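Structures for review follow.
Next, two complexes with subunit A in common: one pairs it with subunit B, the other with subunit C.
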Partner chain A sequence: MFVLKLILKNAGRHKLRTALTILGIAIAVMSFVFLRTIVTAWSYGVEASAANRMISRHSVSFIFPLPLAYRDQIARVPGVEAISFANWFGGVFKDPADFKNFFPRLAVDAETYFDVYPEYLVPPDQMAEFQKERNACIVGEKLSREHGFKIGDIIPVEGDIYPGQWEFVVRGIYKGKDPTADETQMFFHWKYLDERMTQEENGRAGAIGWFIFRVTDPAAMPAVARTVDDQYRNSRAGTKTETEREFQQSFVSMSSAIISSLEAISLVIIGIILLVLANTIVMSARERTREYAVLKTLGFSPGHVVGLIGGESLMIGLLGGVLGLILAYPVVAAFAQAFPTFFPVFNVAPWTLALAVGVALLAAIVAALFPVFRALRISIAEGLRTIG
Partner chain B sequence: MINVNNVSKSYHRDRIEIPVLSSITISVPEGEFLALMGPSGSGKTTLLNMIAGIDSPDRGTITVGDTEITSLNETELSKWRSNHVGFIFQFYNLLPVLTAFENVELPLLLTSLGKAERRRQVETALRLVGLGDRMKHYPKQLSGGQEQRVAIARAIVTDPTVLVADEPTGDLDKVSAGEIMNLLERLNKEFKKTIVMVTHDPRAAEKAHKIMHLDKGELTI
Partner chain C sequence: MSIPLSYTWRSLWARRITTALTLIGIALVVFVFASILMLATGVERTLVTSGDPQNVIILRRAATSELVSQISRDEANILKTQPQVAVGADGKPVASTETVVIINLAKIGTNDMGNILVRGVSPEAFALRPQVRLTGGRMFSFGSDEVIIGSNVAERFQGTDIGSRIRIGEDQYTVAGVFEAGRTAFDSEVWGDVEQLMPSLGRQSVFSSVTMRLNAEGDYQAIKDAINADPRTQSSDVKREQQYYREQSQTMADFIRVLGLVVTVIFAFGAVIGAVITMYAAVANRTVEIGTMRALGFRRGSILNAFLIESILLSLIGGIGGLVLASLTSFIRISTTNFGSFSELAFGFTLSPQVILYSLGFAVLMGIAGGFFPSVRAARLSILNALRSS
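For the complex of A and B:
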């Protein structure tokens, strides 16, 4: 109790210095949380992958199409229980320079797509309307909020991969089953795309981007992948079949340099927290060398001295950490608002919070090591002679 | 009461051995008020620190009461100090973030006394030094003389066997110094405290029963 009281009083001795230290740590922790949230958001697709879903795409790259005819053959592979497909449409919506106008536009099999993605929840009446109308689309709730899309609105898109003017009527708005579900996408009928391709560029008709299928037993995934890929090994369009998680991971890997840079900066921030705190604690402990000697003279143990120095460091580290977390929320929210579709899911993850507090506390412990060691090593007589 | 037997001490600085005390033997009976005098660097503070158990000799033994403190380890010495020694320093050494009451209470926090009993003892000690009305004052709100009286209250609050005072008037004006010495004299006479005091001030030393002079680590008288 006495140690706690003295820690609080000591921390308040140089109010400005303590406040600046707490603020410095808070800003560093806030930056740490922000960067970690970006790293997490980058790989959200990996985390959100279903354990029983697989993707089959062209063996060279997913930008090359596969024949729709593969669908029935894959569906017959033992272990495959439901199959659908999708195709990247691209296109330009409004001003392409404004990043918020970029959002995924996918041509999907309207009958089966939402069956293999049960995490996208569409009201039954809206689903029925969507399936009836060839140029209908379903948009994510976050996307609809961002652009003000309502049921019945027409979304005009200028095609790039598939040239021409395209218009999609919003017939449904889907919600994510949980916070990790991406609500920034637009889905429309692949048949709408295929019909136009049949008329305008016949050579591109009957092609899809990738198959998505659900398997009955996740343990059978390697065997299913082998079987599917073996079927098309010598065909003009070979396949590469992998789990959804691996498929998503391959996208994340493309940005590995950026992610590694962000992680490196996170480590630098931990170093900054450590130095800011160590500077204050070393200064404080040095100023109080004589006081620690007096306490030891009166019979207080080295443990009390460790408690005073370590406790003050932990208290400042913790306060800075908590303040940093509080500051991080509005910063993350502002970023998410400014770039709503850049990261489909941009939330501070619970483990990021735990990591940030852990980092602040670890820095506090390390920062206290040197002054604690010094305070314990110095003799009472020497300590009493010290001028703080 | 206090027996310093053939004690020697040297310090090492950059491989150079600097002798501080050479074969010192003194005996201080219970209830004695001893003043140690001598020029700077004569070893008087080192001797005082060793009697108080905050420094240790290279050779020789020191016995206080029934305890040979030179044979105690750090933990035992720490406990012994808290029970048997009251310290008075030249620069008071009060913790600036604690009130006079809290500073005096410090040594009692290591005892098993309850809060009420601690309060009673602290108030008694502060009244004894004439600061019953300054309990809630912080050191910076007190004069030098008052700060030293708080330090004396802290030294006596555990009712120690020995009081050691290192230049207790060294930082005080003449009037305050006189008051502090009167207080120490009273503690010695009325409360039978054994006091060992280091001082440069002949007027302060006059209050002692006995004066010993040290020069270059040796007793000259």
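For the complex of A and C:
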């Protein structure tokens, strides 16, 4: 109790210094949380994948199309429940230089796509309207907020992969079932795309990007993948079948260099927390060398001195860490607000919080090491002689 | 009269640990700041040097990259025969009709998939890009199922040894040789005969792009006007090759810069706070000294300067340390998916005079920010109180 009181008194002796140190740690912890959140957001697709969904795409790379005819053959593979398919449409909406205008535009099988993705919730009346109209589309809630899309609006897109001017009428807005669902996509009828391809570039009709299907038993996934891929091993378009999780992971790992550099930067942040804290603790301990000698003379054990120095370091580290967490929330929220479609999902994960506090505490312990050793080693006489 | 620099120097030395901790803090911040700028510069340098000022590239209107662009054979023939296009020794236009796709290969060591750009080229492609030269194996022969691969692909991806077979579209191709392209984007590509690759990709009559050499750099406007005016080439869009590659690097370089600046500004706060703490302590510890100096006749301004210079010196040394550390990263090469072209791109950290200037400027700024208030406090101490304090 007495030591605790002394720690508080000590911390209050240089109010400005303590406050600045806490602020410094808080800012570093805040940026740590922010960076870790970006890393998490990068791989959101992996987290959001369903355990029982698989994806089949062209074996060479996903830009090559597969024939629609595969659908019925894959559907007959034992263990496959429901199947749908989609095509990456691409295209240019407004000014392509502005990243805001880039959002996924997918041509999907209108009848089955939302059965395979039950996490995208569309009101039944809107779904009925969507089904009726060939050039209708459904957009995500987040996307509609970002661009102000309302039911009945027309979204003009200039095609690049599929050249020409395209117009889509918004007939539905979907919401995600849970916060990990991606609400930044636009879906429209694959049949609309296919009809125009049949008229304009007949060679590209009947082609789809990838199949998505649900399996009855997740344990059977490797067997299903093998059966499907073996079916097409010797055909002109081979397939590569993997779980949705693996499929998403392959996209994440394309930018693995960026993710590792973000992780490296968050390590440097830990270094900075350590430096700011160590600076303060070393400085305070040096100024108090004589006091520690006095305490020892009075009969306090070296353990008390360790407690004094370490306790002050832990207290400042913890205060800075907690303040940093409190600051992090508005920053993350502001980023999500400013770039709603940059990352489909942008939330602070609980373990990020735990990690951040842990890092601040670890830094506090390391920061106290050197002054503690110094205070223990120095003899009473030497300590009393020191002019701080 | 100003206080001699040696005083400042010895003051820093007197509190070695605190000085060192502050120095390391500033050096870390400058290190991160400089290496992020170097990375962004590296991406731009790699892509911009891929383009030649005398070359133009033609894509389909609205296409932002070669990957999604389509130019029909008929249109390509009209484009190649424009009068502004340079003519080679054989009397043919120096123009390459190219087709571009990506294939997946697994990285060595991690098994992560990378998107490799495969480029089908015409024989003129080598005249258009003289930086491309073979370093191993031999050239692919036109009309055969052979390809040559860029050095970055050869170093980082599995199954790319000379003689091995790679599946591209519906057919297998043999790796005949390895080429090097002066650390441009082409280093991360696979090249083969366009006429051979197109059937494998199921695109008989559609190219991705046409790249042509002009007679002179100044002919750009003339050829652009001619193509825009010709009713047969209405869906084509002419760009300088360098401009095209600059646009390809834009998203990536901007992303690195914005993220980097946000992070370093926050870091800088941390480092400045470190410097403020150090300088306040320096002032507090030297109250008697300051009083003595004032009594000797040094003015308030001189005291302010001395402390400010101390702080700036501190951060400048830290800054130089950070910059030296950052320059070591120029030996590292990073290979990742470029957002602009959606394909693998290898680039390095590139140190430019601009980066050095910005980093040192940033360090000095941190020094001023960190040293200003403590220096003002030092200057405002009254002589009597300062001398009386113990």
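One rule holds for everything that comes next: the second predicted complex is superposed on the first by the 388 of 388 C-alpha atoms of A that agree within 3 Å, B and C clash if a C-alpha of one lies under 4 Å from a C-alpha of the other, contacts with A are read in each partner's own complex, and residues count from 1 in each chain.
Just so it is clear, a contact is a pair of C-beta atoms (placed from the backbone, for glycine too) under 8 Å apart; a residue touches a chain by one contact, two chains touch by 3 or more.
Keep in mind that what you see is a predicted model, and the values were worked out from it rather than measured.
> So, on subunit A, is it clash or fit between subunit B and subunit C?
Overlaying the two structures gives subunit B and subunit C room side by side.
> Just to be sure I read the superposition right, which of the two partners does A:Ser256 touch: subunit B = first, subunit C = second, or both, or neither?
The second partner, subunit C, only.
> Which partner chains sit in contact with A:Ile269 here, subunit B, subunit C, both or neither? Use first/second/both/neither.
The second partner, subunit C, only.
> Which angle, as a multiple of 10 degrees, do subunit B and subunit C span at the CA centre of subunit A?
Nearest-10 rounding gives 90 degrees.
> Touching A:Thr216 in the superposition: subunit B (first), subunit C (second), both, neither?
In the superposition, A:Thr216 touches no partner, neither subunit B nor subunit C.
> Just subunit B (first), just subunit C (second), both, or neither: which does A:Gln73 touch?
Neither: A:Gln73 stays clear of subunit B and subunit C.
> Comparing subunit B against subunit C, which has contacts with more of the residues in subunit A?
Higher number of touched subunit A residues: C.
> So, A:Gln337: does it touch subunit B (first), subunit C (second), both, or neither?
neither
> Just subunit B (first), just subunit C (second), both, or neither: which does A:Leu20 touch?
second
> Once both complexes sit on top of each other, what is the least C-alpha distance from subunit B to subunit C, rounded to whole angstrom?
In the combined three-chain model, subunit B comes within 11 Å of subunit C at the C-alpha level.
> Take the contacts of subunit A with subunit B and those with subunit C, and give the residues found in both.
Subunit A residues touching both partners: none found.
> Quick check: in the complex, which residue numbers of subunit C touch subunit A?
For this pair, the touching residues of subunit C are 17-18, 21-22, 24-25, 28-29, 31-32, 39, 60, 62-64, 67-70, 101-104, 110, 112-115, 167-170, 201-202, 204, 235, 250-251, 259, 263, 266-267, 269-271, 273-274, 276-278, 280-281, 334-337.
> What residues on subunit B touch subunit A, complex-wise?
46, 49, 52, 54-55, 75, 78-79, 81-83, 87, 89, 93, 95-98, 106-107, 109-110, 154
> Along subunit A, where are the residues that touch subunit B in the complex?
Result: residues 2, 6, 9-10, 12-13, 290-291, 294-301, 379-381, 384 of subunit A touch subunit B.
> Over in the complex, which subunit A residues touch subunit C? Could you list them?
Going by the criterion above, the answer is residues 16-17, 20-21, 23-24, 27-28, 30-31, 34-35, 38, 59-64, 90-92, 96-97, 99, 158-161, 163, 203, 236-237, 250, 253-258, 261-262, 265, 268-269, 271-273, 275-276, 278-280, 282-283, 286.
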